[in-house]
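Shared between the two complexes below is subunit A, which pairs with subunit B and subunit C, respectively.
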Partner chain A sequence: MTDALRVTDLKVNYGGIQAVKGISLTVGRGEIVALIGANGAGKTSTLKAIVRLIASQGQIDFFGATAGGRATHQIAALGVSLVPEGRAIFGNMSVRENLEMGAFLHRDALERKHHMERVFALFPRLAERLKQDGNTLSGGEQQMLAIGRAMMSQPKLLLLDEPSLGLAPKLVGEIFAAIRVIAADGLSILLVEQNTRLALKTAGRAYVLVTGEVALSGNAEDLRDDPRIQSAYLGGDTTRSNG
Partner chain B sequence: MSTFLQQLVNGLSVGSIYALIALGYTMVYGTLGLINFAHGEVFMIGCYIGLYAAFWLGYDALAAASFSPMSATLVLLLAMAGAAIVGMLIERLAYRPLRGAPRLAPLITAIGVSLLLQNIAVLAFSANPRKFPSIITEHRLEFAGVTITNIKIFIFAVSILLMLALEFFVKKTWTGRAMRAISFNLPAAKLMGVPADRVISLTFAIGSALAAAGGILFGLDQTKLEPLMGNMIGLKAFIAAVLGGIGNIRGAAIGGLLIGVAELMTAGYISSGYRDAITFVILIVILLFRPQGLLGVVRQEKV
Partner chain C sequence: MVWTYRTAVSIALIALLFGINWALDQYVIDYIVRIIMQCGINAILAVGLNLINGTTGQFSLGHAGFMAVGAYATAFAVIHLESWLGFNASNIPAPWMQGLLLSVGLLFGALFAGLAGLLVGAPSLRLRGDYLAIVTLGFAEIIRLIFTNTEALGGATGYSGGRPLGLPVYTNFFWVFLWAIFLITLIGNFTFSSYGRALRAIREDEIATEALGINTTRMKVLASVISAAAVGVAGGLFAHLMGTIRPDDFKMDRSVAMIVMILVGGLGSVSGAIIGAIFVGVTLEAMRDIQQYRLLAYSLLLIGLMIARPQGLLGSRELRLPAFLRRKRGGAA
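After this line comes the complex of A and B, so read on.
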């Protein structure tokens, strides 16, 4: 069976600077794969390039279909959904309208209602905030809405960019619990996360990005025990770059 | 009192034309962050399309009364359709290639397109003013010393109808919602599967059609058209959009009506020589004290 996502030799340039220097990675069907690394390692650029929000070189395939020549909205139609960094909620729309925007490509009212129920089961708080405008939500609620909105598009591959960013530990716990529930349904997930410990606990496999290149990759469990990861990202001894 | 009511009626009628044009400015600004300075010219072209459409449909100045309401409606629709195509072409040829370019580039291009269209119009329609056909026969009605013509009522009614239709479209349809999504966050809208280029093209089409409707109504009201007419009216409609809060559809409607009424009140109570000046006074005041406009909100920079 073809992989959910296969990235081959991806390069991203910003002006003269190469932010992503030819990385390759795969996400198998039903797999959670983490992409970790420090700030500026090229994680967000990789995700944006995958959904064609920014220009890149290299080969990208979703479920065996090439992304080449497709625009962002056509990639969404392949069942690929990115939850962007900073959530990108439509602040001028209510929670309900945000969720409905998520179902832009799936207009069957009955089906939409069903998927909305599932989002509410995942994040009951959204059901209480239905009529509220997106920009009145707290950071945690916005993250829930961003994930919920992505789920409304009935994705087969979910790309998550820093879902824990700026959230209190309790909320991070809630969000990641939801991510595990989603994954248990068989969705394929590529998770970009600065919180390395959490990422390696959630994912089955991981890639470590260092200045635009894959420095390490493998099973999350093995990486957790790797002394290089321990010292650089998990605060194994004196350095504590991430919580 | 009767002066006041008379000027109010006239002001609302002129204002609703400004409002229709202002909607195009505000919709394009909302989706692209671009001030489409060529919009006044789309209004002018819409007006000319209406003129030619009327003659094409058999309008005869000597037997104007025989022009049927059906044909008049057709004139309006043809002008709207023609202007929609012009608007889409402008977007496709002039603005789309500059998507992602620094903001100044499309702005200067917009001014260029405006000048280009004015001069094409001088070539195509000649610089001499033309008389807009009286496709609706004027009837006067008197109420308590106030004269209202059926044309003024028609202008007001058509404007309100179109604005309500737009409101419904933007709030209730998928495409309208996609427009709002684009205006708030373009990349996020694309991630939802919104074909942004198509929706932006449609935004230009709708804004241009509304401007053409404004053009026909203006033609009915003022009866004179010339290639440079889009300059002043376009500027006033733009100020109306700024007054209401650029990017805000209801704001544009309210801004247009307010400016129309302010103009006619100035003409009625001070002097018609100050009629145009008051609009610019309003612009200066709003920029000084409420730069985001009446209904506008201060927005953070887009991510």
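After this line comes the complex of A and C, so read on.
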């Protein structure tokens, strides 16, 4: 079976500066793959390039179909959903409206209701705040909403950009528990994180990005034991805020 | 059932407008009726502009240009339709025919203004914020220059269809409010549909909206076309109320007046836009003698508004219709 995502020799340039220098990675079906690296390593640029929010060179395939020539909204229609860095929820719209926006491409009312109930099962707090505006939610609830909104689009591949960013440890735990539940349902997930310890605990495989290049990759467990990772990423306090 | 209910409401509405029109004709001085009509035209302008500036959050400063296109296209169509049908000074169309001629003209006005909205929107809606404001402002100036330099449309002195008495004055209370109610209902339903929700999502976060599978460029262009078409109809009603249109009727202060309407009412609120339209219609009339200070007065008003109530009178909320009118508005979701 073809991979959920196959990226080959991806390059991203900002003006004269190359932020992503020809990386290749794959996400198998039903797999959680982590993309880890320090601030500025090129993780967000990689995700944006994958959904073609920014221009890039290289080959990108989703479930065997090329991304070439497709606009961002057409990639979403292939079953790929990005949860952007910093959540990007619709602040002046209610929680319900945010979720309904996620289901814009799915008009069937019954199906919609069913998926909304699944989101509530993942994040019961959202059900309690349906009528509240997005910007009245706490940071953790906003992250739940962003993931819930993405789930409403019934994706097959979920791209998560630093879901733990700036959240208290307890909420991070809740959100990662939900990510595991989502993966157990068969979704493929590319998880971008600065929180290396957490990412390597959640993912099956991982790629380590250093200044736009893949420095290391392999099984999450092996990477956890790798001395290079231990000293560079796991030495300090991993719950530090990544503001 | 829905259809019969709607038909009944529509017929009742038309009868009501007809009755009011008759009563105004009989008992109210023309001056007041004129202000009321101007408020109706303003309401179309404001609700039209609000769709793109308020709901979608794409700041246009050039809607006077679409109003101009609508005004000229409507007048041109009415004049030519009349001569084609053999109407002239000694063969004046019956009142119902006048309204029909006007309405057909307004369809042309909407069509051409909508096309202008497409032409301006398609390339420029990729721009953000200030750039979009500047491009739309430039567009309105270009439109004004084109009309100023087109002798066939009267050039700088304005268009009156080559008639000594000017354009036929067919705009009356009935037609202003029939068109206003029609367009406001249309835009209101659009705003509260899933498309309207997508427009608001674009205003909130365009990248996130695109990532959810929505063709944001197409949505913005669609909003721009509907907005321009509505404003074009207002322009056509204006033309056949004034009896003559000049390029200078559509200068920047006209665009600013529209923006003041939606800022007063509350950006993004349809009912707020209507309230703002009435407010501006009345104050504009009150300031008739000090016209040259209009922009200054608007600036002061806006500064005051930003201090006292930055979100406008209604914010982005809506005044709701009384329950009996809201009933069975099915299919709007």
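For this structure, a couple of remarks:
By our rule, the second predicted complex is superposed on the first by the 235 of 243 C-alpha atoms of A that agree within 3 Å, B and C clash if a C-alpha of one lies under 4 Å from a C-alpha of the other, contacts with A are read in each partner's own complex, and residues count from 1 in each chain.
The rule is simple: a residue touches a chain if its C-beta (ideal position, glycine included) is under 8 Å from a C-beta of that chain, and two chains touch if they have at least 3 such contacts.
These numbers come from a predicted model, not from an experiment.
Superimposing the complexes on subunit A yields a three-chain arrangement in which subunit B and subunit C clash. When both complexes are overlaid on chain A, the residue A:158 reaches neither subunit B nor subunit C.
Once the two complexes are laid over each other on the shared chain, residue contacts for A:104 go to subunit B and to subunit C alike. Of the two partner chains placed by the overlay, neither subunit B nor subunit C lies in contact with A:137. Legend: residue contacts after superposition of the two complexes on their common chain; A:72 is shown touching both subunit B and subunit C. Contact with neither subunit B nor subunit C is seen for A:145 once the two complexes are overlaid on the shared chain. Note: residues 51, 53, 71-73, 76-77, 81-82, 84, 88-93, 97, 100-102, 104-105, 149, 153 of subunit A belong to the subunit B contact set and to the subunit C contact set alike, using the contact criterion stated above.
Residues 51, 53, 71-74, 76-77, 81-82, 84, 88-93, 97, 100-102, 104-105, 149-150, 153 of subunit A are the ones touching subunit C in the complex. If you check the complex, the residues on subunit A that touch subunit B are 51, 53, 71-73, 76-77, 81-82, 84, 86, 88-93, 97, 100-102, 104-105, 107, 149, 153. Contact residues of subunit B toward subunit A in the complex are 174, 177-178, 180-181, 183-185, 187-196, 303. Residue ranges on subunit C touching subunit A, taken from their complex, read 194, 197-198, 200-201, 203-205, 207-216, 316.
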